[in-house]
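We call the chains A, B, C and D, going by the order they appear; numbering starts again at 1 in every chain.
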Amino acid sequence: MTKKIGIVIVSHVPEIAAGIPRLLEQVAADVALTFAGGTDAGEVGTSATKIVTAFEQNEAAELLAFYDLGSAKMNLELAIEMSDKKVHLYDTALLEGAYTAATLLQADVPLTEIEKQLAPLKIK
Amino acid sequence: MTKKIGIVIVSHVPEIAAGIPRLLEQVAADVALTFAGGTDAGEVGTSATKIVTAFEQNEAAELLAFYDLGSAKMNLELAIEMSDKKVHLYDTALLEGAYTAATLLQADVPLTEIEKQLAPLKIK
Amino acid sequence: MLTVELTKKWMELFYAQIDQEKAYLSELDTPIGDGDHGNNMKRGVDGVKDSLAKLKDPTLKETLRTIAMALISKVGGASGPLYGTAFLEMAKKCDESQEPAILFAAALEGIKKRGGAKEGDKTMVDVWAPTVKALTDGSFGTEQIKQAVASTKEMIARKGRASYLGERSVGHLDPGAMSSGYLFETFIAAGGVK
Amino acid sequence: MLTVELTKKWMELFYAQIDQEKAYLSELDTPIGDGDHGNNMKRGVDGVKDSLAKLKDPTLKETLRTIAMALISKVGGASGPLYGTAFLEMAKKCDESQEPAILFAAALEGIKKRGGAKEGDKTMVDVWAPTVKALTDGSFGTEQIKQAVASTKEMIARKGRASYLGERSVGHLDPGAMSSGYLFETFIAAGGVK
């Protein structure tokens, strides 16, 4: 029973992007988690196209997106404009924000409450 | 010319621990970066022994340490007690704190100023 | 009085208890954690068993230190450094006294310092603290331990992974409280306190 | 007036300029960034070249959109979505007007919206903003562009990677300002404004 809201992780580094879902799935077995890391060539950087793919691969129709650095945010915003999914973008600490959201989504906490708990993690 | 202060990354997930130095080395070519990720068996978790090894492998004598979740902090503190190196532990966002510190160490910013810039990233 | 013999017997019984309740401990850790507490503790007691078997005529201090190091290096989760610190503190104290009340009090201080949890935060501290007190006032026993474990059910988690859930952690027993309950129950079963 | 022919010529010259100054752009990006701006831009203009070559009789809108998509998908760094957005906004606007002053003004708005930078933040905006103004008041030209690029040297970075260095970013030219300078200089060289 996959939850209605999923999580997307965007990082400049493929390993970071792939590793965070490993941390999250331990506390959020039923939350759909996808990620986009690195450029299309697998180098350090981000790619709007890869991010769109991560949106589409996510089973959930509504997504919470977390990113590492400012340029990832710009590509995320471009990806949001290119995609039909409903995506909420958070300027929180990447790992800590995503971990908090994953824990609360798993416990069926409503999004408004999740956002309250994310607020103190906003550092960007 | 390696800088006098190095950085150690501790994460529950081996990929995250290995990935963050990849992000940091781009802006901090001369800062010694080491990491400890996962349990001794490579599973999700942390290991005080692995952390001690990451301290010892780091070329610098003085270290700034960043971690993901609370249990990593406990193992970090145990590792600090077991090690001779001078280690400063920060309760900041893992990736964002380490990135900030790396940028500033590379620019030879003194530690007291680095700590001022880390203060708003304290979220744990 | 804690002796090497008693400690070994205690660890055997603790091993058996964890082995038996492994699935239950992980189940407790699922709604309010990451579902691994049973596996973590099992890895820990496996390590304790193996490393105690290698010791030849150890002192009490060596025995306690060996247990500590095994837990620290094998558990992998938050409970590893916490239980490890508990046994390290007992090892430090045991030259001075072998009285369970005094040793467990030192262990409790170590746990509190390591994790920063206070009583009422829904952690193993909520079993250790009343139990140390009970050892002093004579109310120590299986009933008292079970009650301490049960008391965590209605608490709001303020430390560890469960704390992310805040009030939603209410209604669930804390897994580390349960495994600490096993630790004290098997101490009694080993003949630790008559 | 921006035409397909002019745009193609412009992109050829921009390609050649980036190819020639690649190492210098990365060098500018080293003390206050991650040292990749030249490589990023080179990947970008490679992509622009390849995808423009595939177009058959494109409209101006198609041409500008193709440039945008190539930059967005190939650059990899912050400059990718920024330059990409600039060309996307020009593509949107070009049905209404082909006047450089109007098209570049739309592009500048896109860059500001995408990156949130204002004038004075030591970014490419500090070249785009005065240049758009210069196109309106007639002061546009190589000298004016070089001056805009140079003005970033004494600024304190407030956006992008350089912003982590705060006041320590002073004394360094902004790499994205420099590549934007090349973009406008090659626009002139292509015959964009007489």
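By definition in this document, a contact is a pair of C-beta atoms (placed from the backbone, for glycine too) under 8 Å apart; a residue touches a chain by one contact, two chains touch by 3 or more.
Which protein is which chain? UniProt says A, B, C, D = phosphoenolpyruvate--glycerone phosphotransferase.
Here the structure is a predicted model, which is why all the values come from computation and not from measurement.
A.B. asks: Through how few touching steps can subunit A be joined to subunit C?
C.D. replies: The least step count works out to 1.
A.B. asks: Can you give the whole-Å distance between the Cα centres of subunit A and subunit B?
C.D. replies: Between these chains, centre-to-centre, one finds 24 Å.
A.B. asks: Averaging over Cα atoms per chain, report the distance between subunit B and subunit C in Å.
C.D. replies: Taking the average C-alpha coordinate of subunit B and of subunit C, the gap between them is 29 Å.
A.B. asks: On a C-alpha centroid basis, what's the spacing between subunit C and subunit D, in Å?
C.D. replies: Chain centres of subunit C and subunit D, defined by C-alpha means, are spaced 62 Å apart.
A.B. asks: Please set out, as single numbers or ranges, the residues of subunit C touching at least two other chains.
C.D. replies: 36, 161
A.B. asks: Could you pull out the residues of subunit B that touch at least 2 other chains?
C.D. replies: 26, 44, 69, 99
A.B. asks: Could you classify the connectivity of these chains, where an edge means two chains touch, as line, ring, star, complete or other?
C.D. replies: Other.
A.B. asks: Every touching chain pair, please?
C.D. replies: In this structure, the chains touch in these pairs: A-B, A-C, A-D, B-C, B-D.
A.B. asks: Going by the contact rule set out above, which residues of subunit C touch subunit A in the complex?
C.D. replies: 31, 33-36, 161, 164-166, 168
A.B. asks: Considering the complex alone, what residue numbers of subunit B touch subunit C?
C.D. replies: 39-41, 43-49, 69-71, 74-75, 77-78
A.B. asks: Hey, which residues of subunit C end up touching subunit B in the complex?
C.D. replies: Contacts found on subunit C: 36, 40, 72-78, 80-82, 84-85, 114-115, 159-161.
A.B. asks: Applying the document's contact rule, which stretches of subunit B touch subunit D when the two form their complex?
C.D. replies: 26-27, 99-100, 103-104, 107, 109, 117
A.B. asks: Subunit B touches which residues of subunit A in the complex?
C.D. replies: 11-20, 22-23, 26, 44, 68-69, 93-96, 99, 120-121, 123-124
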